[in-house]
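Next come two complexes, and both contain chain A; in the first it sits with chain B, in the second with chain C.
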Partner chain A sequence: MSEEMQMDTLAYSSRMLKWAPLGKFLFVIAVLIVNIVTNSMMVPFVTLAIGLVLMAYSTNFKIPFFVALALAEAVLILAIGCGMISITGDKADPAIWDTNLLWFDVYMTHDSFNKAWLVMFRGIAGMAVMMSFATSTPIPHLSQALKQVHMPREVSELVVLIYRYGFFLLERLDAMWEAAHCRMGFNGFMNTMKTTASITVGIFTSSSNLADKAQIALDCRNYQGYFPIYNAPPKLGIKWILVTVAAVALIYVFGIYTEGWIDMTKLFFGGSA
Partner chain B sequence: MKECIFETENLVYSYSTKQAKPSLDNVSVEIHKGVRTAILGANGAGKSTLFYHFNGIFKPVSGTVKYMGKPLEYTREALTELRNDISVVVQNPDEQIFSATVEEDIAFGPMNMGMERDEIERRIQESLFKVGMEEYRERPTIQLSYGQRKRVALAGALAISPKVLILDEPTAGLDPQMSQEVIELVEQLCEAGTTVIISTHDVDLAYAWAEEIHVLIHGDLVYSGEPEPFFDDHEKVAMTGLVMPHTFSVNSSVQRICGREVAPYPRTNSQILCKMLPEGSRIGKIRLVPVEDSLPDVPAEGLPTGIYGAITRRLFRAAGREPDYHFNAIEYCLMDAVGGKDSVLFCDAPMKDRVLEVIGRMEAFGKKVEVVM
Partner chain C sequence: MHIMEGFLDPIWCAVWFVLAIPFVAFGAKKVIELMREHPEHKMTIALAGAFIFLLSSLKIPSVTGSSSHPTGTGFSAVLYGICATSFLATIVLIFQAILLAHGGLTTLGANIFSMGIAGPAAGLGVWLLLRKATNNIPVSMFFAALVADLFTYVVTAFQMTLNHGQSVTAFVDFMTNYAITQIPLSIVEGILFFMFAMFLLNNKPEIFDIAAGLGKKGSKGASA
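Moving on to the complex of A and B:
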């Protein structure tokens, strides 16, 4: 099964599949925003907890290997970014670590160190919440959600078509790739470049053929110019709005109340900082 | 006289103006209502091009296409009405399945017809039942195997309850069991009054199943009629890029080797065996058990058991019973009978007459197979 299909399978087997996609989206976005606007180090932990609980409920943490790998990569990039934030502190503040590394001036302050950790926690928490949405919402449901917010029909149907035919083109790409391997198409750099170019052209041609045939098949099934949906996912109801508003309010108040509870500088450097 | 459901007169069609020879060249063909019809031809002969004219996908360059005696109109309304009657199942199910889940895809046609939700629901259930995919209803289509996708494509076509069902290479890419299942389903549709047209280059399938064949070669119609005269003309068969059906070849060999009359022409292995059987051989009986809503409690007494039809299949599955012949059961029971063995055949009650007709055909080959009800 291709990686994209694994993700799709996961979404369709999610316990949150039948939840309103717009409701989930609204909740996730609201939680992400409140995660950013509060300065408490505790808020990202709450956000992370929400994300993890949702993921546990949705898919029992079954994440395809490639997604886990991508997340690990994102965390690594985040760590590098946060490292940079921590060592580029404001020089008006007293330094907790000041040194020259090659041509780089390392200046770490109490604020920059705390800020770096805050960004790091926010990032990880944000990923968890976003993943809970991504692993429970198949693309066609997203397209339905787009229709519900009066996105032009052409856009939402294009989303479904790209989703649908993307898989076939990927399958064909896989087959062509394997066939090229069997015929030693990837021996040497130049050969690899040539083969890749040929496969790309082949995929382009295949996509036009597929489009031609699909149009005929659509007409055979009395296509009237739009894709009717038999089982539309639930719409965004008042419950979702109330839950979202309540969650945001609680997290925000909690954020104000807990601001300054955790000081990463003290944790790492003790009372000297 | 047979009633024409489709009729083309001097039909000419080209995909582009630069083509040296049209893809269909002066094709005049009559497809009869309720007659099992196969359109035969090698790859590129124009089979698909012809049947896409039947549902108005292609408009002829010249000539006419008639449906139920009336020339086709190519307005949107007229085409919508036409396609409510005619369902096409294309060869590659991936070209036909558009929706993310099985039920959505089956509902696609009925929803385009503007049906009520209750009716759509009924049709989804019925179509899934017919193709034996009830438990896959909410599955994403991309997670299905090729055979399952083919079944979903067929269910999608059945959901509009067509008067005419056109199947393009229905058994291509399917394993033998699945092929038999599709043919069994087609049999049931024919029995229910649907006109079924199969486009294929599988001569064995066409010969065993079709009452009439139409043969195309490079866009020309070279034969229309019963299959036997066509396959008897070896030169013509070779010219069309086809081969003789297996049973037809064996029958010809039997004639040469044993000196038996070539007619009547057997179309199945049991019929060939029946023809070759020595006088006085014991013929087994077939106990026929029509099945309606529940499985009758008929003791099999150690006899081989076959099942035929979607209802019977479902009831056997529900009861956890394992038949000896899952598919092509009539033929297997007939083979047993020819071999002198008795067997039990459970079939859907509406298919009883069809089963009796098939069993009755054995008489033409010199032996009567007794049916016990």
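Moving on to the complex of A and C:
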């Protein structure tokens, strides 16, 4: 099954499919914003819990393999980024680690170390919340829902088309990649570059041909410049706004109240820091 | 290089959104106008966006041992123009954030600015300069892709520094960290698009006559 099909199948089988896409989107955006507003390390844990509960309810934590790989890569990028944040402390503050490591000027302070952990937790929590949305909302539903906020029809259609054709081209890319691999096309650096470039041109040319064919297919179906959709997703109601406002208010107050509860520097370096 | 979800404070998220919105809005306006006046170009524009999405999924070898992916925005800006690129890149970045957790929704403005506006603008500038100075399309493409990629990382490092550190040392540290992978990657991406341009010149040379045509209403430049 293609990657797009895996995501679509998952989203269409979600228990949250019937929930208003815009409501879910509003909730996710609001939670992501409140996740970064306070400096409490407890807030990302609450956000993570919300994301995990929603994912469990939506799909029993099922995610396609390629998404799991992407998530693992994202966590690695997060860890590297947070490592960088931890060593770029304010020179006005006392250092808990001050050295030159390879070509880096390492200046780790109490604040920078805590900030790095806070960002790490925020990132992981944010990923969980975004994933709960992705696995419960097919992109066509979201794009249709955008019309409710008066997004031009062309934008919502373009979103769906890019999503569909993006994964379609990815499938072709995979097939070409596999074929080139069988022909020893990735044997050595220059060979790899030549093969990758020729595959890219192949995809580019075929995407151009595909556009022409798709246009002819549309014209044959009496295309008048828009795609009619007869099965509109549920609308954003007042319930969603109330739930979102309540959740944000509760998390914000909780964040203010719990600021400073967790000190990662003390956990790692004890009372000496 | 995507800035991940949670990396930026709210104030910087807002600042980068405010800076990115005019470009995206202008790009959206142009693309919508084009689609309304020429509905027959809808598929072509969609495929252009899909191609950007595909380019960012393309794994190319990295000197540091792992593999990485091109931003593809330099090439995109050369063919489609900056505004259309920023609009299409916005859609692609939203997909990447939601579906693959690469980037984020609160950091979307910063990512649009670095990957969809600043990088492509630098790449397009170099392309236009070199096209005036020399008639060599592959060499121009090499430098456009290289500069677009490098400038994206410089802007990303700047964005990170403004939020974390706000000192020259912090900027140097972020730049150094990115340089380990991104300078070789930019060169590799330059080589890739150099070869890509050579293949295109053999197979579809007319594409360079109408480069950046998507930004012009009704132009056949949308035939990418």
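As a convention for this text, the second predicted complex is superposed on the first by the 208 of 273 C-alpha atoms of A that agree within 3 Å, B and C clash if a C-alpha of one lies under 4 Å from a C-alpha of the other, contacts with A are read in each partner's own complex, and residues count from 1 in each chain.
We take it that a contact is a pair of C-beta atoms (placed from the backbone, for glycine too) under 8 Å apart; a residue touches a chain by one contact, two chains touch by 3 or more.
Please read these numbers as outputs of a predicted model, since none were measured by experiment.
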Touching partner for A:253 - first (chain B), second (chain C), both, neither: neither
Chain B versus chain C as contact partner of A:168, first or second or both or neither: both
Partner chain(s) touched by A:218 [first = chain B, second = chain C, both, neither]: both
Partner chain(s) touched by A:87 [first = chain B, second = chain C, both, neither]: second
Chain B or chain C, by number of chain A residues touched: C
Which of chain B and chain C A:138 touches, first, second, both or neither: first
First, second, both or neither for A:68, with chain B first and chain C second: neither
Chain B versus chain C as contact partner of A:242, first or second or both or neither: neither
Which of chain B and chain C A:56 touches, first, second, both or neither: neither
First (chain B), second (chain C), both or neither touched by A:105: second
Intersection of chain A interface sets (partners chain B, chain C): 139, 163, 168, 210, 214, 218-219, 223-224
Chain B contact footprint on chain A (complex, rising order): 1, 5, 8-9, 12, 138-140, 160, 163-164, 167-168, 210, 213-214, 216-224, 227-231
Complex contact set, residues of chain A against chain C: 7, 28-29, 32-33, 35-37, 44, 67, 70-71, 73-74, 77-78, 80-81, 84-85, 87-91, 103-105, 107, 112, 115, 119, 121-123, 125-127, 130-131, 133-134, 139, 152, 154-155, 157-159, 161-163, 165-166, 168-170, 173, 189, 192-194, 196-198, 200-201, 203-205, 207-208, 210-212, 214-215, 218-219, 223-225
List of chain B residues in touch with chain A within their complex: 52, 55, 57, 80, 83-84, 87-88, 90, 92, 94-96, 98-101, 103-104, 107-109, 111-113, 120, 124, 139-140, 142-143, 156, 160
List of chain C residues in touch with chain A within their complex: 2, 4-10, 13, 28, 31-32, 35-36, 39-40, 42-47, 49-51, 53-55, 57-58, 60-61, 88, 91-92, 95, 97-102, 104-106, 160-161, 164-165, 167, 169-170, 172-174, 176-177, 188, 191-193, 195-196, 198-200, 203-204, 223-224
